[in-house]
Amino acid sequence: MSTLAYLGPEGTFTEAALRSFAPDAPRIPCATVGAAFDAVRRGEADGAVVPLENSVEGAVNATLDELAAGEPLLIHGEVLLPVSFALLARPETELEDVKRVVTHPHAHAQCRGFLAGTLPRAEVFTAASTAAAAMAVSDPTSHYDAAIAAPIAGEHYGLRALATGIGDRPDTVTRFVVVRRPGPLPPPSGADRTTLVAFIADDHPGALLEILFEFAVRGVSLTRIESRPTGDGIGRYFFHIDCEGHVSDARVGEALTGLRRICANVRFLGSYRRADGAAPTLRPGTTDPDFTRAAAWLTSIRAGQV
Amino acid sequence: MSTLAYLGPEGTFTEAALRSFAPDAPRIPCATVGAAFDAVRRGEADGAVVPLENSVEGAVNATLDELAAGEPLLIHGEVLLPVSFALLARPETELEDVKRVVTHPHAHAQCRGFLAGTLPRAEVFTAASTAAAAMAVSDPTSHYDAAIAAPIAGEHYGLRALATGIGDRPDTVTRFVVVRRPGPLPPPSGADRTTLVAFIADDHPGALLEILFEFAVRGVSLTRIESRPTGDGIGRYFFHIDCEGHVSDARVGEALTGLRRICANVRFLGSYRRADGAAPTLRPGTTDPDFTRAAAWLTSIRAGQV
Amino acid sequence: MSTLAYLGPEGTFTEAALRSFAPDAPRIPCATVGAAFDAVRRGEADGAVVPLENSVEGAVNATLDELAAGEPLLIHGEVLLPVSFALLARPETELEDVKRVVTHPHAHAQCRGFLAGTLPRAEVFTAASTAAAAMAVSDPTSHYDAAIAAPIAGEHYGLRALATGIGDRPDTVTRFVVVRRPGPLPPPSGADRTTLVAFIADDHPGALLEILFEFAVRGVSLTRIESRPTGDGIGRYFFHIDCEGHVSDARVGEALTGLRRICANVRFLGSYRRADGAAPTLRPGTTDPDFTRAAAWLTSIRAGQV
Amino acid sequence: MSTLAYLGPEGTFTEAALRSFAPDAPRIPCATVGAAFDAVRRGEADGAVVPLENSVEGAVNATLDELAAGEPLLIHGEVLLPVSFALLARPETELEDVKRVVTHPHAHAQCRGFLAGTLPRAEVFTAASTAAAAMAVSDPTSHYDAAIAAPIAGEHYGLRALATGIGDRPDTVTRFVVVRRPGPLPPPSGADRTTLVAFIADDHPGALLEILFEFAVRGVSLTRIESRPTGDGIGRYFFHIDCEGHVSDARVGEALTGLRRICANVRFLGSYRRADGAAPTLRPGTTDPDFTRAAAWLTSIRAGQV
């Protein structure tokens, strides 16, 4: 059974995602995304589960940047996890006792309505993660009364949920990815996603447009594009991209070679089944048989057989 | 030695083009472009020389349309011929005797300055070709005094040049192509042209833009594009295209497969050395080694070797 | 009542088009498109009717080129006329007597099926126009037995139709335009067309793409685009364009200013009601109210009122 | 003198940016970007200074999101501040005493080389900001020995710099913006930037391409584009954009109206002088006089004066 590293500590949403995906896998909590990836690179774990983006907070930059650098890794799958916050306290605490709440700033931002309505006078303190907040509350000497965290954190730290589903947007979702060392790709499933990073060749105004054209002309839709700084100064970016389809699809493969030719570098980060199961709507002329027929035609005309 | 059909009668500019290209080839003059092509298709000629476009008059529609229909043929080469008009008369005629001039309307249009300046009172009559005009004048009972035609027509019909170089634009050029039955293509020379016809899949507003994108994204420049009616009604066209490069070039090949996939039909009409010897300026990422490297990279990433 | 010049002689399809459009207008037949335009420029006619394109033969290059040069004129309307050929002969001639047929080469090309089936042994001769062919046949001493021409030519030259509707494609249509001296444009009708000529600033590979973008980004569809040589050498072209909509439409106006900014020159040739009455399907964001709202918004934000 | 709110507490890089820009302005430190903006909205401050992006860490999402929502504000200027980290300690602490370091995770990430080389055995702890880390160290009972923070934090909290310039990338820069209530814009300077947010009309694959076209066709270059989640689910984004030029420039104004027409909403966030003083290179046909001439031409042709 594969051992999976994940962004810890125990009780994070990432742990919940991991368990929804591989309930029985041995787990190694890691302090950072980079540490989880390094555990995989060193062979201490077979894979790592990390958050990639959240429907409210956006991309997880640490994940984007760690995927773009260091020894290459490949995404093998993704998990979509609804983000459901709970107000967790020590067993003896009642809701009316809660004066001091601790949580991560993102969770704070997503539970403002609940706090204003139910705990209008509570003070809110900051922790490094929602799990760290829960851990802090679990200490009987803590001066915090409650934590806002994932329900799973209550289980880990022996806390009781005073309230659940307290996020302002009940439909918030986080997308997690499962990353492994390079090796055979998951086979195409008909509803796949491909992730890559494109470093532009020189930083000219039309570079992004050229990148988008390489996809558009082969009928490949992007599902996410993020610009990230290269570190070489304000105004210098690379692009972190998800597109629909599998690199073994002809249209995706040709788009990627186009990108490879015009970019300084392209890092392929994997093709894997979409968690939402959404199959692409293909534009006429972009199916694999269309590519095969066109290639056969090219062979003929190059031989002067017209 | 190959026998070449050409757009006759004897004494046309096309004959001059043919002789500049293959001085000693047996020649078969034909009444129309279609007849010249049919002579090749039936094997009566090994090739046909026909005009494709003129720097003043534009495309020769009969050639465009005959190339787009019927049994396929391939262009194997091109010739650029300066168009130089002469005023041709029977040996005894002097310039001051010329009252009635006969020529083809295109030649008339291109010699207006000479006629207005030198023969302001001459009447101008119409013939089916400049060569036909010269032939008519060569008849001693003709009521025409002179013809405007190619100098070569004087040679054929025993006429004398009363004036030469009488075109208003001395730099006018006609481009002729040499067409053969399908067979091995001329090898790439580094300064080639590829000709094709694209029939759009359904007549939608963005169709031309999509066609241009297929070339642009692979860095292939068009050198000529003509729209021609399909015959199915006003507003329905196909496109007759020249691009730089040889179909054996990776960028041209991929552009053509792209076109093939999005169009209802593409007729390849040949890759051949440009008469002007102009080599393309390649955009970064579009050379054959760029394509080869990108294809090798795609093979690697598809195998999960990143 | 306006006097209209037209491409003659009497009995041409152009005369038929003119009469369908303005049955009672005094008419001046002219030998060439240029002569008809000059009659308008000199004030001898109030307008000119000339053919612009045919659904089988394509653009009428003389019309394209004459519109692009000389003193400006404006198209005020268009007429679509089905092209119906008749076999015309002197009253005493019977079908079985017809051995020698005269016509214009385009008409010959379009009646090949009839000739092969009904008059397989007839010789075909060339005239400068179908009307000239009919006129020639009307001469009792003519050695031609019949002409292929417009039915209207029979009326003019006292000929009898031995057969009608003899074209191979019964749905062939020619589009004629009515041209006037510059002056107020026809008002927008909701189903308009705009015609213009674009001279590119310098002859670079992407020029056509840039022109198409100026239209596409404002949601204006092209209905015809022709490349014509500038006369400055093979490979140097200008573009003759029809787009849907009226120049008074905001989207068309903005597209034209965009074109004007990037081109060396743009010649506006008129906005006028389409003969087919086809109203454009507007893309969201491209109606006049959309433009008005966006302009009001721009005024606000420039004033810092956001 | 204007009072300026800023992202505090005292001693942050933001305070340093503010002081480089307005050394003598009264200052109000705020706990969050949102709080600083609210201070402006309520009139408690005349402006707010907040970080927008960092050359290593990328965009500051809180700033992007707060600018995109709530009562509108306008950016009036920007400041580029080199990010220089110092190791700050209580006066009596020597470098060899440092066992426990506290800082913000971003600062930690940017000083890894220094920590590995100089303090390989130090433990690193997390604070909510570098200034909060310095404040914590300034407490004589703190169990932290030193903070990594801005030099300005040493000044505020009575700490001594044990080392300065300890970032791994000495050229790291943060871009800050000065935000005010809506009102007259800064006048164009010839080297301006415009910031805006575009909400796409419906989430279709080509939406980003369409947005980029609106800029590209008017020759306006983007200098930054970020996608941010709308909060409505994975795969639904809005775009946060910087382009070169001032909204009073004709090309920028027209691009923005184009965007306004095709997007569900566009929030204009200001035009202001670039801190780097870089003037745009204008493509031919995109200067204000080009727009003026084209507009005059449009007026003429709409009147039929050609």
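For reference, chains read A, B, C and D in written order, and residue numbers begin at 1 within each chain.
As a working rule, contacts are C-beta pairs under 8 Å (C-beta built on N, C-alpha and C of every residue); 3 or more make two chains touch, one makes a residue touch a chain.
Values in this document were obtained by computation on a predicted structure and should not be read as measured data.
For the pair chain B and chain C, the distance between C-alpha centroids works out to 25 Å.
Between the CA-based centres of chain A and chain B the separation comes to 58 Å, rounded to the whole angstrom. Residue positions of chain A touching 2 or more other chains, listed in rising order: 213, 216. Taken as a graph of touching chains, this assembly forms a single closed ring in which every chain touches exactly two others.
Under the contact rule defined at the top, the touching pairs of chains are A-B, A-D, B-C, C-D.
Within the complex formed with chain C, the chain D residues making contact are 72, 74, 182-185, 201, 213-214, 216-218, 247-248, 253-254, 256-258, 260-262, 266-268, 284-286, 290-291, 293-295, 297-298, 301-306.
Of all the residues in chain C, the ones that touch chain B in their complex are 53-58, 61, 80, 105, 126, 128, 169, 171-173, 175, 205-206, 208-209, 212-213, 216, 221-229, 231-237, 276.
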